[in-house]
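The structure's right below; bear with me while I get my questions together.
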């Protein structure tokens, strides 16, 4: 007996990746794909779905969606997402939300970084953050899960165990991240026009990227000490992948081996996190739900390097991992 | 004593490449860069010009342009170009036109392929076609030159000598071309959005590309026999470069060596066309005004392979080569 | 009860892709991965398998392989493959052979194109060619299947139905193909060194590529008329994907719609071939076992355009499709 | 009267770029190109030089080289370079050395990082470091100049003025750099094999890259305080370009505007360094000898971002800039 799912806002890249994963899931039936603008067959927007998913895009109300689906994957922009999710939950469906709307704990911080009042402030801080490696217990059986941002995932996975163990200081953490262009979404812009971003690397949003408060929040909560990172994202001429190089200070006299052991111990039973000895590249995780992590100690600094596929572990794969936990399926199904 | 030049429609990629070449030209002074929309410094549109060209974009009338410049490089879209060029010529400036407006010989053919009446039909067929390797005599000292299209250049350079010599038939010529993305211009579109066209190759405009009548015209005129090519352009995930693979029928019993000799003989004194024995790649001509050509005979078909940098020999480099001929400078200056 | 499989020659890209597909197959257990040089864990060669497949590379004899596995996927180079496959079959295992060794019907043609005598000539022409869309009946239950070459697959799928229906002539077929670099294998060479082939497109092996006799053979056998194609492969700066643009002559007065209808009718029940109206790009088939095909009629020529992922439908996906048919599993399992 | 120059070790990418620049130099005649292995025409190694430079590669002794050329550009590997340069100097030619052999001041540091004794230790610390923006006076008229490494150039240009002015601390500087693949040279390796490094980003040589002591030395000498950076280079899937993101600590209460003003003031008369307000991308400097720099202050850290074309300002362009200074030509000639 399959679980009926809907994808809300199905024209983007994360939705496409999600559909491809769900089509492999033996306990899932996709019953609806929605869009506020498009009404064509979904394969006319995503030609790679031709012959694989034969559904029209529809502009459905929250009530209509929750009447059809038991689980809704929300791929709407921030702001729009928290406008409709309360109604979907009220209608009886559960939700994995890809937007940033339920990732922060504070309505004030949300307003500061996103520039508008949060439409559903009471749920902030209550909704589980969908990183099973840190918060599995809260995700199991949940009605609503906030799927993590793409940049936060490899940063949090690399640093959280070290912060919690006290191996590194919570002060003065620098995160230098490199992302493929699919992270910028499917709307054409000059910065993502091929002849502009191909054969080029550039930083953007230095110090202002909205994933900063998300990383700060989770590192602080999980690590137990107030953390404020310095974060620089870079645009890399490739489709997918994020590599994060983080520079932190060891606490006391911690060796490289001790750092690696701390990570290995923490993740020893995790199906999707691999602590490796070599220096990983994003291609090692391309198309998979894995995160690869390593660490080095250089001149008294801990350098952690972690990578994921931003559309899988950084979005759609994590969402299916969360879905599996919410609905009681084996966590790795379809992944 | 430098020649004063203006670039009309200076926000695109061909204009940028042109400016970079002109900045190396010892007999050129750039006196104006125009745009119908932008009024900012040109370096704010093209950051690579920072510290190299300090001019504001201006919306100048044809009269204003011809008052300032002795030569105008027209980088306007087709249609718009032939609207203003007559006034510029009347004002006393000479023009190298990058648009398609003066490349065809017939107003009817123009209307058929471009969908609107030609604004200046009397000049059609009179304006020299700016491929010096075929039409140098007509370009020397000209007031207006029609700069060739990017696709036509390597096709015409590979096939014209063979057609003229009667080495290949004018019937049944198939041209399969591959172009980098800069050929699509600087306006963001879904088809040139990085995550769409990167890591993909596709055909477009099959049988309908507007360079077809241009290639037909020049091959017919230069070769002396009516020629109608079958043309398929493809979009390749790279910034620059066009490679054209053309399939034609040998006339009589022509060997591979005879084909290569015919090409070598035709181009033996040309500074920018190299007939090579190996199979060239577009990178061999990247950033230069060269065209590399080779040929093979396969199972009774002549396969010619030719490549250029679409922004240089396919646009800005050819324009400067034409400019040099028009104004009496050594043809290779700055190239 | 899973089928035990071995991958012979597991260090290359097709083997890696095969392993990733097999790891999703519910009726497969990978019991051995072999290499003649390497003895390290397979994840040290393919880091993306870390935590997913924990097997050492081993140098096993044919007898050892057939003792362990019920099905062997052979990823050896041509020549080497037919040296060991007879012994593996004798040992009782069945084989899907990725090499070219069993794709041709004639030992003479093999020797002409591959430069050495065929080690196992008696099986030539008897082994089924592993394109289920044309030869499904012969593949079902077979002991040995010759997995098709990457270039032949989209060419044969586009042209075979038209040849068989008599919609196009068998004479004068030109195939211009474009492939990503993974098709060149995993051994570093100057031509596949990143700064050489990135940002460049070039033709190679013009008229001499070893896939020519394979395409000729299958088109001739399936179409029923002797066919000799003119074939030009091109190297495209992308990891994966093949797009083939083929130019053929219509027989009689055939319309574009009739060509498309012929293809649609032929493939109407095929799970992995989609005849589309739009012009497909290789990205539409990236990572999937699909082939997308369309056609246009241009100035009295039929232009067919077809694309696949060379590592999936062009290699590992086709192999699993064949495996499913050989062992009685649903044909689309894991694909 | 042109200066006769030779390129020693002319088969690599920096030599190719150098030749292209020198071909535009009105006061240069290239008289020899050497190689220890190759004896073919240089255009057979670098097809883009076809029709542009007609010289054979030759295996010349230092005496033969200095007999022919007034200036030798040395593109040999480290170690090999300092073996022959003393003899070339003795023969009367001057040298711009691309290798690392004369960039460090101490034979001990050289041996520690390069693993062998320095062949010519007496010249260490005496040879000028070829960054005209810092050391122009020492380069003018010099006999031997150590051309800077590609990574050090944008790092040193961004940080030196701030260190010298006391705007940032010499402690705790982290440099995260991203480079295109041409920096790895022209010899094929698995790490630079297209299907390995395309669509991937990875760190390498973390804490161990040989450019570390070079950066340390120059920052220390120019800034006046001992500096030891933490350096992580990353490989980016593009041909050319380096972007360096450096994290340093402001001294006292320094504003973002003060940091930018310090840089602007320092470089106000420099032809090739542009301090910009926007966040630059490597494409802004592609193919040019420019370095673009900006800075931000984020949560009490100074983030400087600087970029160059690694083959131009990071190698061949800098070499010609140094050559111009050594021989009394205008510094920007051919650049």
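By letter and in written order, the chains are A, B, C and D; residue numbering begins at 1 in each of them.
Operating definition for what follows: contacts are C-beta pairs under 8 Å (C-beta built on N, C-alpha and C of every residue); 3 or more make two chains touch, one makes a residue touch a chain.
Values in this document were obtained by computation on a predicted structure and should not be read as measured data.
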* To do: Could you find the chain whose CA centre sits the greatest distance from that of chain B?
  => A
* **Chain pair with the higher count of C-beta pairs in contact (A-D, C-D)** => A-D
* Asked: If you average the CA atoms of chain A and of chain C, how many Å lie between those two points?
  -> 36
* Whole-Å separation of chain centres (CA-atom averages), chain C against chain D -> 46
* Structure fact -> Between chain A and chain D, the Cα-mean centres are separated in Å by 39
* Asked: Counting only residues that touch at least 2 other chains, which ones in chain D make the list?
  -> 180, 197-199, 237-239, 280-281, 283-284, 286
* Asked: Where on chain C does chain A make contact in their complex?
  -> 20, 24, 47-48, 50-52, 199, 271, 274, 276, 278, 280-281, 283-288, 290, 292
* Across the complex, what residues on chain D touch chain C? -> 13, 180-182, 184, 186-190, 192-195, 197-199, 237-239
* Residues on chain A engaged by chain D in the complex (per definition of touch) -> 174, 176, 178, 180, 196-204, 206-207, 228, 230-232, 234-241, 243, 245, 247, 279-284, 286, 296, 298-299, 301, 303, 305, 307
